[in-house]
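To start, the structure itself, in structure tokens.
Chain naming follows the written order as A, B, C, D and E, and within any one chain the residues start at number 1.
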């Protein structure tokens, strides 16, 4: 047990280091970007109105002061960490003075809800089908299926999304195509709301699953091709073990560990959202928030999204690493 | 007298498991012996399944770091992390035959690659003909030929064929020390004899020392100079092969000898084991004891309580 | 003890099974099983020995209906008569084979140390393998398995273990347990004890024997260890270069072999306390891709004469249950005496 | 989910379509949806109904004609009861306010609110109009409850425009709410009070929709002057992708769309007879009072010579530009005033003859580069595809396609370049210094302007100038910083409904031109300095907004611009705003141009007083 | 080698089909080298012409001949995707195999770097590079940057397979056969991860082409250079699907599906070729 704790401790250190370096890298990247948050805000405020040049100069000074962007980079970096350690990511600049974290937290449940669900479905479907296809290499049906899966995968996402939009939004308008929930329900733990959220998620989720599962399918099929030739699979076949059991418990199960790692990383990655889904289906989320933030030079917001994302990824990998011995009983903790 | 190989108080402990249960396995405990450089010998290791024979062999080969103790080959520490040149130098002197022939070859690769690479590297030649000749010679020694082996994948060979290929490969560099882990477990009696005879002639004619790990007491008796008997990671008896096997002293050694099946009463179906012997042999498990030198040159592990 | 009158359970006739390949620029034919005819009886342990790479595993694969490309049955039959009906495994459909597997016919593969799924607990594996043929569920099934394990001297704990947590001997026993828990009528084992030390080996063999007796099953097994044949088999068959060259009751095979190869095999065994130089066979095992004409053993046979080089000797019955394929079987006896160390016949 | 929505759960029956208008808000997802403090940039929405329905200030100037009789020269007197009153030297302004206007909480609107708005912003840097107030207002007082008096730091005849809504303007703050707020900069003003005819009903915590409900006392707002707004509910929602918008409109879930791609518009026009655009036929789009142009960087020596600028102008092909950008649906303008609102009446029409006779010296000869028939030619080009939708009447063509543009004249362009010392090496122009004539053309990352920029760069490239289009997502920053050679965008933006040009022109004064590398404030991105221009600007500053002389000065500016060609005016920025007549009808269009239909303009609220539900539609 | 190739075609229908598909696309893309028109120019032909004998793939709303447009687009995108995939494969294979095989602190350091690369969101980085490099940001530079971000997922995947291979007996055997670490990794372990390499190769190519589309849409690449991304971007911004200019979308989609199906089939048959055991499975096990 003690050895394991040491292992956990070491791994935890690595986790912190990853978060530290990842966040620092993002800090550097965003602060080196020449997009000026002051100009972006100024542009938004003065667009289409006739501000006099003097007024604009005055505003620019005021904003520069307010955002604290005239301080040296090192000072900003130091302040950033000081604040971050207090759980404060500072005010968003494109939405000054709203705390950046508030904006993130508002978008987070949607993105995470949609993406986690669809990623999980994608992963499960892709792996099961990939496992089957890798095992029954001569099955006509699975071959055809594989071709369909591989055929859908390279279709650009927004085309798939658009087709869904046309089919279920227009030709046969049975599903909502915009937003996270209907305007006529009250958010909260009531059935109407939950049902609305679910129906609104169907199309975005389906589109994500459709284009996403091919990747897992390919991966699993490849991993399985190493496993099917193992003696224990042959032996189980010879013993007439139920085919489903062989596929599930022998073949897929043995190929699963790498896919789980990849899943963890992907799940960690959902914290950066999907821009196109959010646009096509008007779905609230982190993707377009990130784009807005980058476009508006909003360091705080980029960093808030990045910090969440970096932490999530690092944590996901950390957890999978800890679970490794569970997933593969043969593994020795080093 | 210089030593070829010096195994000094070597132990190996493995840690297994993860989140909840963690198990420590003492695969080898305090093993010591040495081989002399002047007097090549066949040194046999016999023992229970899982008694640490393979682990010991791996440590000698520098594939596993001992948890305690050290192993010296020609006075140099066997070190897994030594530089590549040093390791190569070591490998040209010490070659292994791995235990499970089905595992010892990459199923995706043709068998001849291993032979070819060995020949190229340790005979320091890149002349195709020379390499082929070396490979064929080695294969002929174990009853195969390059023609039969060339172009084949491991799954296209029988267990015995694979095992012979593995031996042939190890012979190519003409190493002064061969570590053979159950090299004949999968070949028929006749071939087994020819391979065992081969080991013998390697020793007698070429001065090759062999560490011979086996379950076959008969061949051990037949060719080896000295042997050790292992039980649960511990050496329980060590000494001249014939002395020990003719008259084993430790309870486990005796059980071992008694368990050897004989063809004398073929068809009689006698498979019983003396339960007393079994109990005695198991009684020593888990106890440290001490290795005591006997007058006839052997060492035996004795226990205070017994 | 004789089983001569026991009913037949397996009848193999003129079985030819070759490895045939023609793919990726390589074409090859290996005649691993070349015209084998043999009969096995109920309640019998039949040992198969032979030179390495002589086709034992291949033969046994056919018997176990584990025929996969490139191995192909070229001709002949391997007919079982199970209590549930007859089946020719050399030509049966996968479904037919499926129906008898484990219930009537079980198989212990060569290299049985690595046939257990490393990420599945033993108990699960038992469930996978045996629940369906046994038709039992839940507690009843578990009780049955535990009882069976007990017979194998395995504690019920192993059901919760992963394969890597068990010693080689334990794994071997688990595999045997898997193959026998359904009380099949016919058990096929390929080198089941190779990796074991003699103490454990003896235990395991004892066990196979006991279970076989208890269940009245037939066992065919392959091993190189002649002493194992000597102690376990009722009858022993010797395969050389894809052919059955001799078969007979164990005792006779050891003490009065009627084929020079058998004689050699028996004689080449060293024993403890014996340091006399033992000759190995001259020459090399034949290449099955291009086997010699006539008797396949002739290039290495001390008794070879002209006919041996030209004509394939038929498998003659020369005694009760004893058959041999040698033109000069009558001349084998002196050979035995010449090569065997003194005292063996005693 | 962040926060509970305001109000209780409305069920569907609560928004019957004959009482509800659904409007597309182009802002995208609103990042901080519960932020309603429009006086601080807190990430809330503006065009989500907030400034259209709840805000009010002194005057409105519609970019189109305005509701007849309710407005004068497109000017509405909103919170002010009449026009601005300046003293003689424009250093003081007095405003009389309307009486009987109430905030939605029942508190009366008074001069104190105006004074508070000005003082609060003047004293709090960082608020939206604080720059405007602090640089100009010396003192603001309320002599009585309905009068406000401004003392300015310097004379300014256009000070009232700070309170004149074109797109928006300095909105009045409710003093009684904000005076209790300690830190205005972090106050979210949720729920907002309304000075307009609607109040907040509920909104999406994710920022994709807002529902506004008509005030029972809507007649206690300035809207009473125009008429009763008809819809009980107005929903603003964001539909980011064009396809989504199209489908939602065809499904009856959207009445007004802010903007579409030209192709999307043509297709919905083709498929849905209930949908209308600004023009009844081609080109459908509404011309914004902004002028798309090729903007040269005058601090780049390449463009120092006006002959070079003219040469580049004459290389362009108006038809190609119109087709490539708007597929023909462009409203061209050869002069530096957008061809929109009332400007054709004030500028394009009167100046047509001047343009037709305009002579240009190429250095070897004199040419008349203007082609008044370009519009007809384009109409002919698109007629095969759009048939009857393309107007045939000459006036209609002029309104839709513009009054004319320059003939493509490569020969003249080459003469001009040669005269400017350029030489041609094979098919490649070389500068007088012997370098290849090479620059990149900054274009925005999407939309029609992008398409336009690409064809412009291409046309130049085909004529021996190594121009290449460079997409730049930060085009605003770069033009502001002068970090470009040529940009396609606009440096001209006007009131639309009013002939005064000070909206953009005032900032053209040379005193504002920044040093190279420094950021250029306001609109003179090209950093054009011209003494004649300064005179015109100063003249305009000295007269009143409504002084007819303003138009004359405007004409002077246009002529000066022609001679100098500091940037190439090309076309109006046309917005494909469309409306559906499925549930509501009476939308503004070219025939009844009573309001700008573009949904994010806050003048749009006048539309809601003019539309009526379609009988039996729901 | 030739015999292998011949037999692959003869016995492996998948290989043959895959080869045909990929060859068609590659030939099509290579035709762009002989393009008679400058594919960056717009309004060079009548817009919106459906496919005909004159314009095989029709023309788009920007007045471009779609045949040459797509030919160039596929050339650019395939080269781009291949470059990213190959470069990031090289990194991921090296890191994955080394990390798994050598273990210890090498493994820890590599995985640490790996995790940072996984964790840092790529988008702001790309934007930064865009702003710093501006017009110097060509396809190759972008490919290099993306390759730097495309490896870590797959490196971990490969590592987890390599971890298992490290303890296999044949690895030790190879070491004693005098094979260098490089040889062990490349010749013993690489074949094992080849199926994964192929699979991730395709996934990575798709990812890079997809990200290129997103970047094009956001204006972070030059949208006037034809790539699969920009072709579709323009189609979208001209509402091609709504307007009925279906060939602008359908043909590139068919071509890209053909490309990836072809690659998939090739990968499958190559995997079979690499693993002699699965070769046998297909023979009708």
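Heads up, the rule we're going with is that contacts are C-beta pairs under 8 Å (C-beta built on N, C-alpha and C of every residue); 3 or more make two chains touch, one makes a residue touch a chain.
Just so we're on the same page, UniProt names per chain: A, E = ABC transporter permease; B, C = ABC transporter ATP-binding protein.
Every value quoted in this text rests on a predicted model; they were computed, and no experiment measured them.
Novice: Shortest hop count from chain D to chain E along touching chains?
Specialist: 1
Novice: Please work out which of A-C and A-D is bridged by more C-beta pairs in contact, and write that pair.
Specialist: A-D
Novice: Comparing centres built from CA atoms, which chain ends up most distant from chain A?
Specialist: Between chain A and the rest, the longest centre separation is with C.
Novice: Counting only Cα atoms for the centres, state how far chain A is from chain E in Å.
Specialist: Distance between chain centres, rounded to whole Å: 22 Å.
Novice: Mind checking the centre-to-centre distance between chain C and chain E? Centres are C-alpha means, answer in whole Å.
Specialist: Chain centroid spacing, chain C to chain E, equals 51 Å.
Novice: Any idea how many Å lie between the Cα centroids of chain B and chain C?
Specialist: 27
Novice: Between chain B and chain D, what distance separates the C-alpha centroids? Give it in angstrom.
Specialist: 89
Novice: Of all residues in chain E, which are in touch with two or more distinct other chains?
Specialist: Chain E, residues with two or more chain partners: 131, 192, 217-218, 241, 275, 277, 281, 284-285.
Novice: Provide the list of chain C residues touching at least two other chains, using ranges where the numbers run on.
Specialist: Touching at least two other chains: 111, 114, 164-165.
Novice: Quick check on chain A: which residues sit in contact with 2+ other chains?
Specialist: 34-35, 162, 166, 229, 329, 331
Novice: How about chain C: which of its residues touch chain B in the complex?
Specialist: Residues in contact with chain B: 19, 26, 30, 49-54, 57, 110-111, 113-114, 164-165, 167-169, 191, 194-203, 205-206, 209, 224-234, 249-251, 253-255, 264-266, 268-275, 277-281, 284-285, 287, 289, 344.
Novice: Can you tell me which positions in chain D touch chain A when the two form their complex?
Specialist: Touching chain A from chain D are residues 1-2, 4-5, 8-12, 14-15, 28-29, 31-33, 35, 40-44, 125-126, 128, 130-132, 134-136, 161, 166-169, 185-186, 188, 202, 204-209, 211, 235, 237-241, 243-244, 247-248, 250-251, 473-474, 476-477, 480, 493, 502-504, 506-507, 512, 519, 521-522.
Novice: Mind listing the chain A positions that touch chain C in their complex?
Specialist: Listed in rising order, the residues of chain A that touch chain C are 231-232, 234-236, 238-242, 245, 249-250, 253-254, 327-330.
Novice: Contact residues on chain E for chain B in the complex?
Specialist: 168-170, 172-181, 183, 187-188, 191-192, 274-277
Novice: Sort out for me which residues of chain D touch chain E in the complex.
Specialist: 242-243, 246, 260-264, 266-268, 320, 323-324, 327, 440, 444-447, 450-451, 454-455, 458, 462, 469-474
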